[in-house]
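We just call them A, B, C, D, E and F in the order they show up, numbering each chain from 1.
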């Protein structure tokens, strides 16, 4: 099989079209199930009571805010080095979802901080670097939108995405490198310091978010391909 | 110079700069860019000697004394501890034995006058029963260890 | 090195150029040798400027290769750029500097230093010697154009600069100036230089020197 | 023709000198950044009222933020005129690596718009009642930090070359990347104010500068090529 | 030809609607001012370090200064594209007074770049631990003050139309004129913080607005005529 | 009002125009009546555009007066502007709006509302009906030019708009379009309109309608 075959928009477009429904349905199921376990089945926490349940949204959102940025940067690198249009389109389509998750992580964090820490917001390293991540996403999207010529907008914003990737390890390790008000990691290579049900619900939610991202991003890529190839003939074969 | 040679020279310069950056970074990690200081650091004089700063640590068991909205307690990092007083509403998670970060100024008498107290909880999440069980187990282990020591 | 000994070649193989979503040209191949003039023709928007910019190294070919004496220009990079003189639509003249300063700077970008007197000489040849020390801001469009072209008089040794890439060099020039420029280009080519140029008017070069390239019939 | 070859350093020096000359001939460019810095810093005392303690406490942050903003406002000038008049094309196909040329232009930008701030900042700091030690640290941190601002800004300037609404866009791109410089720079001055050791902040500033020196010219020169293509 | 006369208000409404439509179609213009405001305000806490009290104390001043700066950054857009594509000429020789047309364009500018700030400011205020009362006063003072910023800014934008280095120049012209708005606006919020009556500041803000409404369109429209001539 | 009843006059007395330190023209006087075409000629930089902009009310005369039906246009101001249609070098087209929106806006500036269908009709006449709803950003230079000219088809009632001021209306148009525009202008003039225009090419108007004005012999 020729893997590169899927790197061409012509092949990718129908493939993505077939995959999207599965991702979308899966996302719905996992998120509902995760919320069910998280909100109703999982026990209250010994210190935080029920306030901790924000964890089921906050942590997966925070994970995906960082993860999607890295994926976006990888696509940017691929795009620049292989001159692959589809990579640029992927990167462009990831950004809004990544920004959305960043925003969700920030907001849920703030709503969580109020009852637990006693403050909506503090300027510790974790919170600040996550805020910078939001700004980077916004910068990326603004640059994309600000350049009319797609070839240039793709490349220019790819450069920005790559420059900004340095922020991700800073977010991740901030709780280790500096002492922050934000807690350290509950899950790491040596295991987890969470009760099993809680962890389970959180992972299910993360899976749901993953499927959601896939569905939304692929939809966006398809629209992007349509926009860019409105004139090209092959597209008509797949639309009635 | 051929362009290839120039490129090599540039790369060498880049590597040298990287090395400088790395040493500077390592050096900076030994100094104090922190959200809060521990009581030990305060006692060693690593904290600011004027103005506002933050102290973080665990609330010493049995040290909390309330008087209306006024609270006095001790913060410890297990090695050293210091006295804190605060007037106002404490966060719900403020508990003896749990993490806390207080912001304020240190008076001449060494007492830290806080104007804000934030709760810093740890990374453990479990149901209350499990926490109880765990505590009992630890107690048991501790007793056992103490017993064995004898 | 005697000029007759020059034997450079520029080889273009299977070149294609895409701008936006449009293919401007594809399967373009040709070879150009020292002592030849390539006259690129085509209607508005057929991709002449795009081709010249690619040859000059300003944009990378979408598909295809460009070789300079058997090595691809992408690898040669600065070693190739140093041998090419590209004069495009824009005059690349800074308003704040005088014509002499502008030209001296342009030459130093190709790695050469020239004296003021030489630059003034070239400007005189082009009929703009009077403006040599004015700030370029006050010059008219046609004068700026002549100053940009003065480089051709200072960089006309094919042993040092074997290739000129000229995008519409005759625009905005009056008849006598067109004549002068035509002769100068011819002299450069016969002494072993290689030229790629575009123009909407048909210039009066010696036919034996010219090699034609028609764009726009994809 | 009687031409002599010039060496790489000599070429680079000419690129630098040319930018300085052009700026000098259009002096209003230099002075306006300078005055912006002065006006913007004096806005804060106006907004705050007369509390000297407060003023003193916020001085490092205000001065540093205003330095960021003035540097950012002057960014479009780094490559924009060269882009419009075609010089940028010639720079790209000169016989020296664009990387080095971009570095020289960034350096020139710093001399034109960063260095003046370093020199005036202590004077403005006086208005905020900063002590001698603090003023020294302010100047020193700016000296160490503003080159990073020009370097990082160079990336933004190259990316937004020739775009409509470039001014605000460049702000969006560049300010988030400036944050570490701000945190460590203002942090160093704050540290002096509260009687602590400032070396941590300074060495981080140094590290940022070293990293920016490696990556900024590389990225900026790539972005320039993209812009011209 | 089947044409109908339209009334003056209807023409003015079209001028307004057109600017809004154009801005909406180029949404990135609106959002980037908005985000600039968010980023710039977050810079100050970063420079200050941890002190929540300090943060609280300077919040009104910081938010107001940043409102000034974002408004100023978006000024070049008010007339510049119309100037470049020739629409401005047509506006000048339309059959309605240029004064009113300029007013509509300034109003549209406010809706595009002032109003969003008013709406987001309370959210940002939260990051600075402002109380409910303070947040309300902040939003209200901005609501009263930002139109003056657009009005006064309109003069600067018109005066610098088509000049090189317009960005920094407009800053120099406009920032000094913004000072009263800043002083009264930030003053009103500060007054609430220390439990005083804010009506003084507010009525002064109102007075500035009234004056700006009278003089700014007049001056701006005159400057526009000069710029086009 | 029947078109033949129109009897407007534009009177220029002793007009001078100074730009920078240069006097472009002085002592310029002429009178133009309904049903006449004023063809302003002169070499590059002789002040044609400057004159037309003064007539349109965009710049004030340095010296001299311009009267519209016995009253000076400076006093008439908006009352005069509402009667003049000026189309200059710039197309005054916003990239973000569609051609239809652009034209509707341009007409509302003279105080009129037209329906979409009418605008599309005019665009069809000019051969750019297909582009009616695209964002203007994607149009080529020539298409933009046609859209600017579409106003001439929507504002061709001399009773409402008695004066057209057209600066090089034929630029960038192909031959058939030049023909169409010539005829349209002629129709407007014969129905009582008054036109001032410049052009570097000599148009084929009915000679009896034309009144000449030569600039540049100060």
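Everything below uses one rule, namely that a residue touches a chain if its C-beta (ideal position, glycine included) is under 8 Å from a C-beta of that chain, and two chains touch if they have at least 3 such contacts.
Please read these numbers as outputs of a predicted model, since none were measured by experiment.
With centres computed as the average of Cα coordinates, no chain lies farther from chain B than F. Look at the CA centroids: the one farthest from the centroid of chain A belongs to F. Per-chain CA centroids place chain C at a distance of 36 Å from chain D. Centroids of chain B and chain C (each the mean of its C-alpha atoms) stand 67 Å apart. Per-chain Cα centroids separate chain A from chain F by 56 Å. Shared contact sites, meaning residues of chain B that touch two or more other chains, fall at 3, 6, 33, 35-36, 51, 53, 116. Of all residues in chain A, those that touch two or more other chains are 119, 122, 128, 135, 138, 142, 146, 151. Among all residues of chain D, those that touch two or more other chains are 26, 57, 96-97, 164-165, 169, 172, 175-176, 179, 183, 187, 229.
Chain E meets chain A in the complex at residues 27-28, 31-32, 35, 38-39, 42, 45-46, 49-50, 52, 126-127, 129. Partner chain A is touched in their complex by these residues of chain D: 155, 159-160, 163-166, 169, 172-173, 175-177, 179, 183, 215, 219, 222-223, 226-227, 229.
Remark: chain A residues 110, 119-123, 128, 131, 135, 138, 142, 145-146 touch chain E in the complex. Chain B contributes residues 29, 33-36, 56, 90-95, 98, 101, 116-132 to its touches with chain A in the complex.
The part of chain C that touches chain D in the complex is made up of residues 56-60, 78-79, 81-84, 86, 88-97, 101, 105-115, 118, 135, 154-157, 160.
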